[in-house]
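Chains: A, B, C and D, in written order; residue numbering restarts at 1 for each.
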Amino acid sequence: ETPWFPMKVYDASSGTPKPAEYTPLPKAEKPYRLCVLFPHMKDSFWVAVAYGIVKQAEAMNVNMNLYEAGGYENLPKQLSQFDDCMASGPDAIIVGAISGAGLSKKFEEAKAKGVPVVGVTNPLPPNALPAANYVDFVAMGEVTGAGLLAQTKPGDKLNIVTFPGPAGSGWAESFNEGFKKAVAKNPNAKILAEKFGDSGVAVQLQLIQDALQAYPGMNVIWGTAPTAEAAIGAVAEAGRSDLKIVSSYENQAMLDALNRGDILAFATQYPVGEGAVAIDQAVRLIEKKPVMSLVQPIAAVIDKTTVPKLQMDLVLAPASWTPVYSVKAK
Amino acid sequence: MNTALVTANPQGAIGLRSIAGRVGFLPALLVLLVAGMSAVDPQFYGIINILNILRNASLLAIVACGQALVIIAGGFDLSVGAVVALASVVTAKTMAAAATAFPGNNALIIASGMAAGLGSGAVVGLVNGFCVAKLKVSGFVVTLGTMSATAGVGLMITNGIPVYGMPDIFVKGFGRAQALGLPTAVHVALVIIIVMVFAQRRTLFGRYVYAIGGNVDAAIVSGVSIQRHVVGTYVVSSMLAALTGILLTAQVGSGQASFGGDRMMLQSIAAAVIGGVSLRGGVGRIEIVAISALFLTILGNALNLLHVDSRLQPVFLGVIMVAAVALDELSRRSKARV
Amino acid sequence: MSDLELSVAAKNADRSKLAPGRWLWSAALPVALVALLLGFAAVDRGVLSPANLLNIAQQASYLALFAMAQTVVILTRGFDLALGPTVSMVSVGTALAMAGATASGHGTGSVLLAGLAAGFLLGIACGLFNGVVIALLGVNPFVATLGSYNIAIGVATTLSSGRPVQGVPAPFSQIFYGGSVFGIPAAIAITVGVGAVLHWTLTRTVFGRSLYLIGTNPRAAAVAGLPVKRILIATYVLCSGLAALGAIMMTARTGSGEPNLGGALSLQAIAGAVVGGTSLAGGRGGVGTAVLGALFITILSNGMNLTRIDGYVQMVVLGAIVIVGVLLDRLRLERRQ
Amino acid sequence: MDVEIDPKPAEPLLRLRGISKRFTGVRALDRVDLDVRAGELHVLFGENGAGKSTLINVVSGTFPPDEGTFHFGDEEIHHLTPQRARTIGISPVFQEFSLIPSLTVEENLFLGREVTHGSVLRSREMRKRARALIDELGFDLDPAQRIDDLSRAHQQMAEIAKALLGRVRLLILDEPTASLTERETGRLFELIARLKSQNVGLIYVSHRMREIRALADRVTVLRDGRHIQTLDAAGSTDGELVELMTGRRIDLLFPTIAHRPDKVMVDIENLTLADGSVQEVNFHARAGEITGIAGLVGCGKSELIRAVYGIEPTASGVIRIDGLPYEFPAPRQSLKRGIAYFPANRVAEGLALSRPIRENASMTVLDLPAFARYGVLRQAAERITIADIMERLQLRPPNIERSVGALSGGNRQKVMLARALTRELTVFLFDEPSVGIDVGAKLEVYQFMKRLVEAGAAVIVVSSELPEVLALSNRLYVMHHGRIAAELKGAEKTEQNVLSSFFRDHLAAEVA
């Protein structure tokens, strides 16, 4: 296996992102006990983060237990899981927060008890934690917008409907905001509507079908991975091969669709890498070693031209891998 | 000579009340909605939009029919959403496995996948039925439990990752196919509605479902075997949910544990209740439930076509839903007193 | 009345006789609770550590509060699907009001007051809507509260633009989350206090008595001259009011207004009430059943978390246990005669 | 050899020996024997809660006995189910109906015994047979009507028709006349005679002495779940039966009530109800007398007093209470004005079965300061008051914390009556006050009314039991088709006069 590091990232510890390379410690000094909290494990994105976490925990020989809250509607459950983690006496906690703001009290409590907490993948309020690694969702939305514009011939009109994801989730709103910001740079691009909705394929399919009717002029669909997945079929059925589909994040389906040419592009933030970095950050915090306090993986738009160069093992877990919820140190 | 004794009771009142009580004014409301939308937005009656509406309404109607049956028998099925998801992933997984085992043998692959999907639904239905009929736990609680458990199993199978590898023909020739100008799901739904209406009106099963929901004690002393029929309603409901899961899978082209969910469950109950099914049991007709499913689907479609802000859509949906049922209730009350 | 009805009626408590063994059965659920705790402790000693027991109590206190809210309406044969979205809406409203008041330069006192007022007003408005639609318009509770479920979701996401609302002042969290009464954390203290008052209300007031009578036989209650409609409205207002209180406590816990705070709470709260022995057929249950159910569910998921049971397996176990819990309750009632 | 021709009676159709049935805490049946012969009407007689319905349930397979043997025809029967009972010809008419409210009469008649082809219903066939049966029985029932659109009396007819569908060898009737009026009762009796001549055995339960006298061949008396005696009806007197039943001597006469009519308490002018069941009725009731209302099924007599109490919507007309117009009647208001209503259907409209007696008795007074101050219950006061009242009413068993569901019919009626004693009331509206309660309890109810009237209250009694209203009331209104057909006083108050008002226009139609 080729190692995932050194990984190209931005070091945003000081506030302004600076390009850097991330290299983990070879081993933990002791088999520490780490607690990992995820919003859910219901798509290949979070499975990819989990893969990074599990592999790195095994590599560094630490104990790891992963809890998933079952979805973004379960903030109270994540709060309870945080408490349960604290009660089990961990050396550090890694959190993929359902709501960074919503967990801020927990972070304070952990700090007061001296348990280091690392944020992974989902954005947090500035300086909420001693260490974190995530892409700013607004920035990631911007990247996808920029990617779309880059593939557009000058003078082409873009009539876009966005399908950011569930209203009230926070991340959907942020992605959307970033995307709109980027697209606003092109006077020929117009946002016709924003259609929030649960990020399941069935719900998104219905939204897209309706949007195809409500906005006959629509020629770009931008949205979540399930949106893109649903859109492929709906667009084919409606005979609108001129429609461009862009996904705001990655999963296995997006990769396949891109390879088939069904979608124009998707964005990635290298979730496997994020998981691995989080473990290393946690160990560094425990061992009081120097740590990059805010790591930002370099979000990228993947399209037909860039896909061959993509470092796949940082984007998705191997298809054969089934998630493990705990790792025991040897 | 008997008729001379018929009382002062105005038969007309009963006639009107029955009509109001049995048909409701939902069909009228539906016509109004369709007419209004057609006037406002020509996109609405575009053929593609109509097909979309019909397909989505069909999927909802299939689940709602099963749900209605359970509610008429005095139960409640919260697990339908989870079953939709489970059936989807089980079908997809089985087909993928069969496709590697017997490559090219599409008939076998599809048959085994659908059998597995429907089978998984039947299992959940049997568990629900068993707990309700034999262990005498309330349907609400049992299906609340199996909802959680079923969703858990669906996720365990897939880890939430979509399942691919179904034969193309299943997707193109079934899921996205059209016959006589209508999508497969519509045909399936029509067949199911007709069969269910027939079952409700003309078979022992339908009759006993009404009897059990209307008054269990009376049904028992009349010699109706309760357990068998209660189990039957839950199995039918779960299998119809599974069928919806399969149709969705075929349409989307992948097995997804995100199908169905709480949303489908709430919608199916809403469709049944708005369609005049009494939560107290014993009352309700499948054809009105189907109309109600169509009504709810068109409502959602209309809000999208009218470009209503998607964050505000739930507010409109909620208000209209409550208003429709409240008006129905009020009209029934005033008619009862003619 | 038929003998069948009699047997149904006879299932209900008949306090005149104390058959031997009845005590054991009436304690079935608490015993199961303790057994559960000990079982988990056998796998992981940490389960019984004082820190974790306090943790369980604190977690259970939120769920218990919501389960109590549901219990109140379930007593009258209703339920409140909108409870979860009400919580989200109140959370956002409270946070917005406090952020607004802070921004316009008010003192801490009036900021807190503004937050509480906004929260409770939103909650009460939601309860009034439910109550009026159910009691006066005669819409069944499922549709009525499904309607307000949607409305509250829309309001919560629109008010907050879907983002967490920042600006909840620190004293707010300190009082409703960080604070303590005689060393008991605020959440537990508030729930115990509210539970005691609610218990008193249910057992000692005309309103409480009316709930049980209406739930047992609404027609008879109306014929006996109870103001059924008014009581129903009050019931839904009480339910939403309790939900609002819970939402305020949770907002203090998160330190921000969360538009999706109550996403899955409606059904969880109903499950809590019902697992503890509240009857969906109305007229049976109370504060005790709500607390018991909430404890049961909390201990179960805490134990599974501490004993490292996989997330999806937890869902399956939880589902099975909900059924078993209610089954135990049914057996207990049958055994009691 | 001494040849004696012993006219040994035929083997009984039904032979029960040593049947016991125990419910938690109660021994509902204690080694009961019962023989029913073909062609005989066998009355089961006993107080409320004596075990009559339980015995009937055992016979019809609703639940199995704990011990005892069961022979039907020549067969010994084990594990009887309701279905099996019907196939071997045991047909019960239950006290509480075994009807599905949301189904039609016809659907109910065939419930559990549908005519099918495979499992597809043959509706036309069933409709034909239902029609034929109803015509044969002479009931005024439309097979296509839903049960919940029917009055109680019509539901009772449907229930009886249901029992008679198919081959019947043993018909069981549990208080079938409780909600029938004279005319339907007459029909039923003709029917019973016909069945007897066809060698059908009948078990009949009733609390009405008149019926027992008219119908019974033999009577089995039950007391506290035990078989007391089986005797020939012809050779026994009412007093004897009642003494066997209660174990004490009871005077069976209606009490003599000293009516002292005073001011008009209820005055109704031109009242028409929203559903048209009462039309342009003029009516008044005075303090100090009992005003009776009689009438055929569905004539609107119940609706009239229900409208006064405020549970039937009115369309036009004026109601005056104690001289003051009462504009929008509602139960709460009515109670405040001193009007109490005692519904005919105590299970549906009167009682919260799983709640204690105490709470049921005090349900109507929670607004009084004696029971609650500032919305807070005064439970000690409540307990004392209700215990006292229930003691006066001789509740058995005298424990006010039991749930009402555990009480017998008579005792449930006492719980209802207790409400009359919990607050200041001046007008008492009784709807079928003695339906379903035993002779002893009936007398107690009559005594109760007597005390009320003699204390100066206005009492209105609506009843389908003609002797009852005739004996109790000072003035009697007869209703017909929603209108008052006659007002009878003093010597005019005869059964003959009432019946002729019932059928006046019916007779007129026949003459024309």
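We take it that a contact is a pair of C-beta atoms (placed from the backbone, for glycine too) under 8 Å apart; a residue touches a chain by one contact, two chains touch by 3 or more.
Since we're looking at a predicted model, the values are computed, not measured.
Participant: Chains shared as neighbours by chain A and chain D?
Facilitator: Chains touching both chain A and chain D: B, C.
Participant: Measuring from the mean C-alpha position of chain B to the mean C-alpha position of chain C, what distance in angstrom results?
Facilitator: Taking the average C-alpha coordinate of chain B and of chain C, the gap between them is 30 Å.
Participant: Mind checking the centre-to-centre distance between chain C and chain D? Centres are C-alpha means, answer in whole Å.
Facilitator: Between these chains, centre-to-centre, one finds 44 Å.
Participant: Between chain A and chain C, tell me the centre distance in angstrom, where each centre is the average of that chain's C-alpha atoms.
Facilitator: Taking the mean C-alpha position of each chain, the two centres sit 34 Å apart.
Participant: Return the residues of chain C touching two or more other chains; collapse runs of consecutive numbers into ranges.
Facilitator: 2, 4-5, 153, 157, 162, 264, 310-312, 315
Participant: Going by the touch rule set out above, which residues of chain B reach two or more other chains?
Facilitator: 155, 217, 220-221, 311
Participant: Of all the residues in chain A, which ones touch at least 2 other chains?
Facilitator: Counting only residues that touch two or more other chains, chain A contributes 41, 167, 196.
Participant: Could you list each pair of chains that touch, in label order?
Facilitator: Inter-chain contacts occur between A-B, A-C, B-C, B-D, C-D.
Participant: Quick one: which bits of chain D touch chain C in the complex? Just the residue numbers, please.
Facilitator: 23-25, 53-54, 57, 62-63, 94-96, 309, 311, 330-332, 334-335, 341, 343, 347-356, 359, 363-364, 366-367, 372, 375-377, 379, 399, 401-406, 409, 412, 419
Participant: Chain A touches which residues of chain C in the complex?
Facilitator: Residues of chain C touching chain A: 44, 46, 49, 51-52, 55, 58-59, 62, 88, 153, 156-157, 160-166, 173, 177, 250, 252-256, 258-265, 298, 301-302, 305-306, 308, 310-312, 315.
Participant: Please name which positions on chain B make contact with chain D in the complex.
Facilitator: 2-10, 13-14, 17-18, 201-205, 207, 210-211, 213-215, 217-225, 282-283, 336-338
Participant: Residue numbers of chain C touching chain B in their complex, please.
Facilitator: Residue list for chain C touching chain B: 2, 4-5, 81, 133, 137-140, 142-144, 146-151, 153-155, 157-158, 162, 264, 267, 270-271, 274-275, 280-281, 310-316, 318-323, 326-327, 330.
Participant: Sort out for me which residues of chain D touch chain B in the complex.
Facilitator: Spelled out, the residues of chain D in touch with chain B are 60, 62, 81-83, 85-86, 92, 94, 97-103, 107, 111-114, 116, 119-121, 123, 138-140, 145-146, 149, 162, 183, 274-277, 279, 296-300, 313, 481-483, 506, 509.
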